[in-house]
Structure formats: C-alpha cells, structure tokens
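The letters A, B, C and D name the chains in turn, as written, and every chain counts its residues from 1.
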Amino acid sequence: MNKTVQELAIKENVQLNEDTNLLIFEAPDLKEDLLPGQFANVLVKDSTTTFLRRPFSIYDFDKKTGSFSLIIKKVGDGTRKLCQFNAGEKLSVIYPLGKSFSLPNRDEKVLLIGGGSGIAPMMIMAKAIAHLTSEIHILLGARAAKDHIELEKFEKVGKLHLTTEDGSLGEKGFVIHHSLFNDIKSFDRIYTCGPNPMMKAIGDIAIENDVPCEVSLENMMGCGFGVCLCCVTDTHDKGHQCVCTDGPVFNAKEVKW
Amino acid sequence: MVNLKVKINDIELKNPVLTASGTFGYGYEFSDFIDLNRLGGFVVKGTTLHPRQGNAYPRMAETPSGMLNAVGLQNKGVDYFIEHIYPKIKDVDSKVFVNLSGSTVEDYIIGAEKLNEVKGLAGIELNISCPNVKEGGMAFGVTCPGAEAVVKAVREVYDSTLMVKLSPNVTDVAEIARAVEGAGADSISLINTLLGMAVDAEKRKPILSTVTGGLSGPAVKPVALRMVWQVANAVKVPIVGMGGIMNATDAIEFLLAGATAVQLGTANFIDPEVTVKVVEGIEEYMNRHNISDIHDIIGGLQL
Amino acid sequence: MVNLKVKINDIELKNPVLTASGTFGYGYEFSDFIDLNRLGGFVVKGTTLHPRQGNAYPRMAETPSGMLNAVGLQNKGVDYFIEHIYPKIKDVDSKVFVNLSGSTVEDYIIGAEKLNEVKGLAGIELNISCPNVKEGGMAFGVTCPGAEAVVKAVREVYDSTLMVKLSPNVTDVAEIARAVEGAGADSISLINTLLGMAVDAEKRKPILSTVTGGLSGPAVKPVALRMVWQVANAVKVPIVGMGGIMNATDAIEFLLAGATAVQLGTANFIDPEVTVKVVEGIEEYMNRHNISDIHDIIGGLQL
Amino acid sequence: MNKTVQELAIKENVQLNEDTNLLIFEAPDLKEDLLPGQFANVLVKDSTTTFLRRPFSIYDFDKKTGSFSLIIKKVGDGTRKLCQFNAGEKLSVIYPLGKSFSLPNRDEKVLLIGGGSGIAPMMIMAKAIAHLTSEIHILLGARAAKDHIELEKFEKVGKLHLTTEDGSLGEKGFVIHHSLFNDIKSFDRIYTCGPNPMMKAIGDIAIENDVPCEVSLENMMGCGFGVCLCCVTDTHDKGHQCVCTDGPVFNAKEVKW
C-alpha cells in the first residue's frame, strides 16, 4: 500500500488505563491490509512543545469499517496531548510506514513478546498469522497488574502469558524470567517489541538457542519515511540502517545494541 | 497565468521551490506523496567522495519550533550516487543538484570532477557549512580564505552551475559571500544549520551522541532571513534562501528579502506534501496581489 | 533543605536565578507580581552614559517560539539611574547588576566610573553585544581586540564584579570569551540576542523600523546552550547562561552545561511570575534527584 | 487595583458577528472598579503560532457577579484562536493594565468615538461617566451594517450615532464625515479608540477646534506592563512613551503620529 498523508478523524478515543489510550481512526480509503510492524506517524495538533510527528505501531485495523487503531502511552508532552483529542477531531497521519515482521511457516510454534507500549504490534501480528498457525503464544510484560491492558482481546488471538515486576498478575519478574523461557527451544520463532534492554535480552537468548527472532525498534524519528537519517540503528553487516524504512523490524542477529 | 520561472546561472527552474539537502533524500522517497515534476528542483543528500557511516544514534533532538540533527553526512559516496542513484532520478522533469561535501580540498576536487561527467545534472551545491563532521565541513565555510580556496579549486574543475552553501555560524556572512562570489560561485545558498545543543535534564546528558548538532526549522527563520538580506545586499549572483520555511508566506518573505529561489528542509518531515503546497501558495499570493512575474517579488522589500 | 547559593566573583547570590537586562525593567515593575527578594539577582535595563530615545516604533516582531526586538537601548542615562532609580531598588534583598552599554570606549569608562561610586551595587554587566544600536554595541563584542580593549579599560576603573555579556553573532564565541577573561572579566554572561529579521509578506515591508533586530526566546535556546557549553570549556570564570529559558528544566539544562547562574529574559513577558517559579522548580528538581547542593548540577553534564 | 496574572475561566463566549466575539471572564477576585481605557493581556493557550500575549481593552465589568468582558476581533492567528475557546476553559490573563481616560467635568457634553474593535473601551467609559453627565454621545463607525455590534447595549449608555462606509446603516462615510462634526465645538471633550488614521484625523480636528481629545492607542506589545519598551509612541514633549503604562490613553496633542 502506498504511503499517504491524510487528515483522519478520530473515531474513538478510549482510555485503557491511567497512562494509555486507544485511538481509533476512521480510514475510509483503507482497502489493503496493514502489515504487522508497520506504523503511523501522527502530527500533534495544537501542541506548543511538540514540533515533529510521533510514530506509533498499528495495533489493529478493519478494512470493512475502514479504520485502524493505535495504542498510545503517555510518556511526554506529545503523547499526553494526543490522548486528549476527542472523537470527531481530525489529525494528520502519515501511514502505512515501515516494513513488516516476516511471517512464520505453516504450523510453526510462535512466541510474540510485548513489553510496555510494545504490545501494540503483537495484536496485528497475531491476527496476521492466525491463518498460518494455531500455536501462537503471546507473552506480555508490565510493571503491575494495572499496567496490563487489552487482555481480553489478546486472549482471543493467542495463548496469553503474563509477567509483572511486582508479581501482581502472572509470573513475577521481567518477561525473560517467564517460565516459557525454560523451554525456549520449543519455539520456532520469536517476535518482540518493547524497551531496548528487553529486546536485547530476548534477542541474546534467542540467538544462543538458535531460535529465529525479530525485534521491532522504537528509535526517535525525524521523518518516518527514510529521508532524515536520524533514526538509524547500527547493524553488524550493513552499518547504519534506518529504523523507519529498513525496519522497524530487524532480525535480532543484525542489531548492534 | 503568472510566471514562476527563475534562473540560477543558466539553469532555468520552473518555479523557485527547491528542496534542501538532507531533508529530501534522493527525491524518489517522496513519490508516494507528490509529483516530483512539480518542483523547481531538488538538492540531494550531502554526498562525499567516500562512503560515510555518519554519527552514532541519537542523531536528533526536538527543540522549540525546530530540531537539531547530527547525521554527519551518512551517504554511500559519489561513485555510488552516480552509478546507482542518479539513474533513478535523472528523468524527473525538474533540476537536480548534488550537495557535495568533503574533508579536504582534494576530496572536493575529485568529487566535483566526477560530477562534472554526469550528464543532465543541473549543478553542485557545495556544502562548506556542515556542522556535523569533525574535519572539513563547516571549517571551510567560516573563514574567507577557507571558503575561497575550496570554491576556487572546485570552480576550476566543474563546468556547470556551482552553488555554494554558506554557514550561518559566522560573524559576517556578507564577507564570506563576497569571497565565495569572487572565487567563482554561480549562486549562493544559505543558511545551513546553526550550531546548537540539547540537554536531557532528567538524565543529565546531552541528547545527541555528538553533544552539538545543527539547528533547523522555524526557530532559525529570523536569522536566515537576515542573512539572506545581508548577502543579497553584498553580492550579485542569485541567492537561494532557506531556513525554517514552512509555507508559502515564509517563502515569499525570503524572496522579498532577495532570494531568487528557496529551499524547503525540515518542513518536509512534518508535511511531505509541503513543497507542492508552497508552489501553489506562491501562485495564489501573486494572483491576489496582481503580480504576474515572480521577479517582481524577488528583492522587492520596500524599506 | 537544598543549597541554592552560588557565587559570582565575591558576590553571593541566594539562588542562581537572575533576570536578563531589558526584560525586567528596574525590578519594581514586577512588585505586583512577585516578591523581588526571592530572586538571586536582577540586571537592570541597558544603561548608557547619555540618555537615549531608542529606535522608532515598531520595535518588536513575533517569530516562531521567539521574538525580535529593536528597542535600541532606550534609557535615561547613567546619572538618572544613579540618582532616581537606584534609590528605589537598593533595599531589595537581592543583587542588582547594571547592564552598561556605550558607543565608544570612553563612554564605557565614564559610565563605569560613575557606577563604581554606587554603594551596594553588585556589579556591572558590560554589554558589548547589543545588536540594536548603530555605533558601538555589538561591534565591540564580535572581535577579540574590540572586546579586550573595552573590558580592559573598564576593568581599570571598576572595582566590583565585572560581568561581560557576549554576543552570539560570532564565529568562535570561546575565543572571545578567552579574550574577555584575559582582559579581567570576573564573569561572562551569554547570550545576547541573535541578529534576525522579520518581513511582512502582505505589506512587503520589514516589520521592524530598523529592518533587523535581536532574536530571543525559546527559539534560541539550542544555540545559547551550545555557546554556554563552549565557553564553560574555555574559561575559568563563572558563567551566567541565558537564551530562551522558560522554566526550571531549561534553567537546569544551562546549569548542567556549565553555567553557575542563569538569567530569564523573554519569559518574563509571558509569565511575570516565572522567575520565582524557576527558583521553586530547581528546588523541586534537586529534591527529586537527591541533590543537596546546586554545585552538583553546575557543569554536571555526563558525556 | 494591583495588576495580577491569573488563570481565569471563560464564563461565556458569544459570537457577535462573523469576525468578532465577546469573551466574558469569571473574575471572582474583582473587588475594585476597572478603569475605562485599561486592558487585559491574554495568553493564547495551545497556539503554535502565537508566542506573546495579546492585549484587549476592557469592554465591561461587573463587581457583583465578579466578571469582566473583552471584545475580540479576529484579525490573525491569536485572535482567531482566542475566539475558539469554550465556556469553562481557563486562560491566563494579566490585568488590569494601563491608564484610564481622564473623566469629564460634571455635565460636560462628551463624544465617544469608536472604530473597529476600538468600540470596546467606549462601553466601560460611557458607564464610568454616567454619574457625571447625561450628555454622552457615542459615535461608532464600521464598514457596513453587519460590522456594527452591541448596538442595543450602546443605546442604553448614550446617544448613539453610526456611520458605515457603504451607507448601509447610519450616515455614509468614515466617522469624521458624520454630521456631528459640523458642530464639533459644541462638545466639551472627545474620547476615541480605533485605527490610527481615524484617531489622528479626529485628534487633528479636535485640536483645530480646541476640543480636549484623548486617544487610546493599540500599539504592538511585548509585555504590557512597561518593561520591554517595545510599544512606544513618539510624543512631542516626552519623546518615546510606553503605550502600555504611560497610556494606552494619550492626549491627542501629545502624540506624534
């Protein structure tokens, strides 16, 4: 699908918890699939502090109703402002941007790991591979029970596993402490998105255990479509690669953390 | 119909709207968004003789009405450009300029010699003002002898249009402009980025891996306008103005101050369709003000 | 309780928050809004030997995240200040600095001699960087010999704290800072305004009566931070940083970059209570980060 | 009354015509009179283009309900944005600023002339002098009938006279073409606010005819309280004077136009 810049109306803005909202956009032109890992770059209207756009992974989309959604965690001025817009207001959105996760082979056992706002691409990914395999395990990590969001929806698209740092829900600890990692070799593929230290740790374990692993990076972006060269990650074979166009999805083996 | 055509040396642009180096990739990245044929021209990413990896991440910081970048001229080198990239854009009905950078005068010369062989290229924009590389770059652009030396050397080997891009990080930009004109520049473009810095107070660290970087965007517009005005009063060659242009009104301000054409940089990140909107906005302004020729705006500031 | 006290030469400030010349009048204009005793100090309006009418209206233009001014040092002269204004502010429990400007070295000397007789005055901020006057002003501040000459001359006749305010409109601010330190400055403050320009596209006229003016406000913060950082690495005297500080976070960025104190300028126009809020915000930051002494922030940038 | 900077809630935002709104602010602390000619300096929240505050004359106030109002004409980004805020939203306002018109003597015949948004101070002025004289004439000028606003309110506080440039209401022409000027000497005082050319023309006539005349200037302001020295007007006797603190009201004789 070609990328476009469009003024899209907010269909719904749902507060999921204290610091996270779900923003559903009306996208009447949406005729093709959005791919898991792709993102949208949103202009923060009326912000006196946020000059550049802000990138967010596609969480879900629906070609029938012509809509897609983002999960936005309030971490600074831009995200706080975005979560304040009401249904009906229009925002300028560039999408779809970036490359997709590669898809698993038929019937492979797959592990999707999301941490923090990195859970977003795991929903679209789980749905995208549902026709390929039924062995979809989704491991989500958060600080505490109240930080876990959209669990009912995730439960519908895979076998859900949870961790919390304080042990208030699921297993206690970080995602890599989860008991799934005791038998990590049983998985054919791992896909992950979240804070860099988490993805690095998962990538290291995957490499050690010879499990193919893809990570979706969240580097700061100037443009989102490959022209400013600000978002680079260093890689082993290809030097600096643009997270926005060469990624955001990379093979864990490639990334020099 | 209004006339939007302007000339830079003997290169005719269909309108005065170009894109700024490092903000427009090689043009084709924008083909989903706009019709590249609508542009007066575009200046491709800063190119050096040898490939460069650029600086480490983070290379960007947001600032009030602007941004800092410390990309550091990441590019695949002039040979790669000529062989693999230029063929993809040479047929666009617009003018292509290559932004050429170097660490030594020798680098600039060899790069220019290679580009001199490229048919259909409108010209070189000689970048003697990049604040984001340790050696060379801005160093040439902040003294008259430095600027003169590199422009003279390139002029000797380069036959097409030689546009020289000035640094704003100087005490007297008019003096540098005169030196550059004297050394044979066909045109002067300005401004490159202002050297700036951003700090993360919570982490107590610089935000950029390089500590300092180049400031661009609306924040720099007043400085850019002033420098265009000063240079326009100092030299005779056509001036290409840039720095914080976000819309047609901004562009017209630069034209009034004396620029023959403008470049749009950071604005492309915020609205990838901005260039075409600016072309249309200039037309609309001319119609509204009953101006039939863009030359009646250029340098038309009434004191 | 955290320690906010800093010293500029032998002047102790109760906290590192000062106000910038030309943006805080003579202090008493703010007494409806804030308790002046809460400030580390304040720098009064640029003062010259003889009264000055300043430039013609319009003297101001709004720009993206900033403003241009072309006030041109309107003031009633140093004698009037000493006789009529200083008595009204001398009892404030804060430190008062006089921003002294001149067209000739002689002017600066006579002005400084007169101020040398004023009991209780914390010091002079020597303005060698005003972009808004034709003669003198910035001219002194943009070359090493110029800056050196005026600072040396004033140093000879002035006994209290001599802070010298630098222009950002230079190629190498560190070089000027070293010259000024060598000439006897006790402290260096920076930045004064960046020379800029604004155009009214509809009227096709410059907005300012003087065409160009001085840019201030958040837009200049990245440039100011970079210069403070460069100067902090170049000299030993305490640095007073300014340029676009709007809140405590901004102030802390300057302290981290190496400033011993900061000045707030344009921010006062938007929120006349901002100075006190910044003092409180710095305290809050220190408590949150478990820092008991402000000196642990000053120059504390981790590379 | 001391000047303060306060976050004041908008009580009402009434659109008066296409390009002009009435903004009523809740000012619970308002215990003293606001003076005719004084103004408020309003911060334009959430504007990406308006950095400095915007000054507006006090139009009316009510100590009992604790409120005051401004008339805002949309001429640029700042005023357009201000007219969009809804009741209940808070804006930062510095007030009261500037000096008052001088009051007439008892039973003097007074002419108040307002043009464009310069009609605003004429309301508070008419009310302020009602106890001194009943001979209050109010002359308002506008381009066309639709640009005349608040006429019913003005009718209550003085004898109303109107001009329009197109003759669609009242006498045709600029205010100085109004027939009142045929016998201008019959007035003891003139007070005016509006575009500079209008005020200059009125001032010149007043001086010629020896009628004391005060003008309220609307220079661009950086601060509004006398510290930036950006708002100056040149005067015959005192050189540059600050419109915000020495004015906005000046004797027409003083001003060098």
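The rule is short, and it goes like this: a contact is a pair of C-beta atoms (placed from the backbone, for glycine too) under 8 Å apart; a residue touches a chain by one contact, two chains touch by 3 or more.
Predicted, not measured: the structure shown is a model, and the values here were computed from it.
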item: Given chain B and chain D, the chains that contact each of them; value: A, C
item: Interchain centroid distance [CA atoms averaged], chain A/chain B, Å; value: 36
item: Between chain A and chain D, centroid-to-centroid distance (C-alpha), Å; value: 55
item: Separation of mean Cα positions, chain C and chain B [Å, integer]; value: 34
item: Residues of chain A touching at least two other chains; value: none
item: In chain B, residues with contacts to at least two other chains; value: 63-66, 217
item: Pairwise touch network: line, ring, star, complete, or other; value: ring
item: Touching chain combinations (by label order); value: A-B, A-D, B-C, C-D
item: Residues of chain A defined as touching chain D within the complex; value: 46-48
item: Touch list for chain B against partner chain A, complex; value: 22-25, 29-30, 32-33, 45, 53-54, 56-60, 62-67, 69, 71, 74, 217, 268-273
item: Residues of chain C touching chain B in the complex; value: 61, 63-66, 68, 142-143, 169-172, 194-199, 201, 203-206, 211-212, 215, 217-223, 225-226, 229, 244, 249, 252-253, 256-257, 285, 297, 300-303
item: For the chain D and chain C complex, residues of the former touching the latter; value: 2-5, 43, 49-53, 92, 94, 219-234, 239-240
